[in-house]
């Protein structure tokens, strides 16, 4: 009876990419652990870049700095 | 000191239904475990149908197929 | 497709109490939202008193102070 | 390798407040546990007042009653 | 910056199976979403059968009934 | 009404370190967001090194390799 939560930053992930994640994670877990896919749920939670901190900084700040570097 | 998270698909759950869930879960847990309701929090998290996978498929795809079957 | 996580402090909750919680939460949610119980999972997570903080203090410290008060 | 999830009610938390939380939590945890900030992620999850229950009531109902009291 | 939580029932999952899950989920997500594996964390949480409810029943009760059926 | 979950690897974190985390996170959040500490809960969840994956590898494997490097 697996439940999988995937937390990612909200950055235009497409419906097709989500389907690939859901299918792939479900297959991996049901095959590795010999589980019934009908007992397997996957939830994708998208998090705004302002709300995801890495190494003490907001994702939005990190992303902006990376863009400015590229432009130079 | 209970904390309860209810994850459901986002499908027009009304404010009244949410209140019934919050009241009911709080009562059940405080009575069963003899807890103080003022230490009991309930969070409802609604998940888009594209983001909830069941048996390897997106909720939105499952829902659509069910609708098409009905129409036939 | 509901998934419910109940987080409580680890304090000798019995198997029977857990069954009451699981049955009660499942009934409440499937009836209120018209959901299939076979799509409804409930997970109870027990947390050590040292690991649960309330109002800035560890549960174990709060519990001990309450006991000392009683003894006086 | 810490991961911290902060769940709060959605009430106009500013980008600056979020940055203070992310910076502060990351510093606290990396210093207290001697962890690498590049292995430390913080996610802030904002929850609608209708979806947060406290003592069996919706946050939105509690907030409204507090406002009405003030007005009297 | 993905974080993935896999919740499964505690049933003698081996270290090797866990490694397969961690490797597989990390590959799937970093390839599908073009993410850096060094920003990708996976946590496996094992839940006692008494603490996992399905369709209103404890996992331990469901498992026991299945065993009894087999024996007949 | 904040709820904070701190997930870390299980590596002999002391009761005192946990108290510092609980106190520090509670102060930071109640001061930054002007919240009541009596509505603020913090849960620390310790995860076995076999169950935490980083960059596709188990924490226990990463730790062992680091030890072997040191010994050389």
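The first chain written gets the first letter, and so on, giving A, B, C, D, E and F; residue counts start at 1 in each chain.
One rule holds in what follows: contacts are C-beta pairs under 8 Å (C-beta built on N, C-alpha and C of every residue); 3 or more make two chains touch, one makes a residue touch a chain.
Labels paired with UniProt names: A, B, C, D, E, F = Tautomerase.
In this text the structure is predicted, and so the values were computed from the model without any measurement.
Participant: Mind listing the chains that sit against chain A (Tautomerase) and also against chain D (Tautomerase)?
Facilitator: Chains that touch both chain A (Tautomerase) and chain D (Tautomerase), as defined above, are B, E.
Participant: Going by the touch criterion at the top, tell me which pair is linked by more C-beta contacts: A-E or B-D.
Facilitator: Here the pair linked by more C-beta pairs in contact is A-E.
Participant: Compute the distance, rounded to whole Å, between the mean C-alpha positions of chain C (Tautomerase) and chain D (Tautomerase).
Facilitator: 21
Participant: Using CA atom averages as chain centres, what separation in Å is found between chain B (Tautomerase) and chain F (Tautomerase)?
Facilitator: Chain centres of chain B (Tautomerase) and chain F (Tautomerase), defined by C-alpha means, are spaced 28 Å apart.
Participant: Centre to centre, by mean C-alpha position, how many angstrom separate chain D (Tautomerase) and chain F (Tautomerase)?
Facilitator: So the centre of chain D (Tautomerase) lies 17 Å away from the centre of chain F (Tautomerase).
Participant: Using the touch definition from the top, which residues of chain A (Tautomerase) touch two or more other chains?
Facilitator: 1, 3, 7, 21, 25, 41, 43, 52, 54
Participant: Could you run through all the chain pairs that touch each other?
Facilitator: So the chains that touch one another pair up as A-B, A-C, A-D, A-E, B-C, B-D, B-F, C-E, C-F, D-E, D-F, E-F.
Participant: Help me check something: in the complex, which residues belonging to chain A (Tautomerase) touch chain B (Tautomerase)?
Facilitator: 15, 18-19, 21-23, 25-27, 37-38, 40-46
Participant: Under the definition above, what is the set of chain C (Tautomerase) residues touching chain B (Tautomerase) in their complex?
Facilitator: That would be residues 1-9, 13, 17, 20-21, 24-25, 28-29, 32-33, 35, 39, 52, 54, 59 of chain C (Tautomerase).
Participant: What part of chain E (Tautomerase) is in contact with chain C (Tautomerase) in the complex they form?
Facilitator: For chain E (Tautomerase) paired with chain C (Tautomerase), touching residues are 7, 47, 50-58, 60-61.
Participant: Provide the residue numbers of chain C (Tautomerase) that touch chain A (Tautomerase) in the complex, in ascending order.
Facilitator: Spelled out, the residues of chain C (Tautomerase) in touch with chain A (Tautomerase) are 1, 3, 41, 43.
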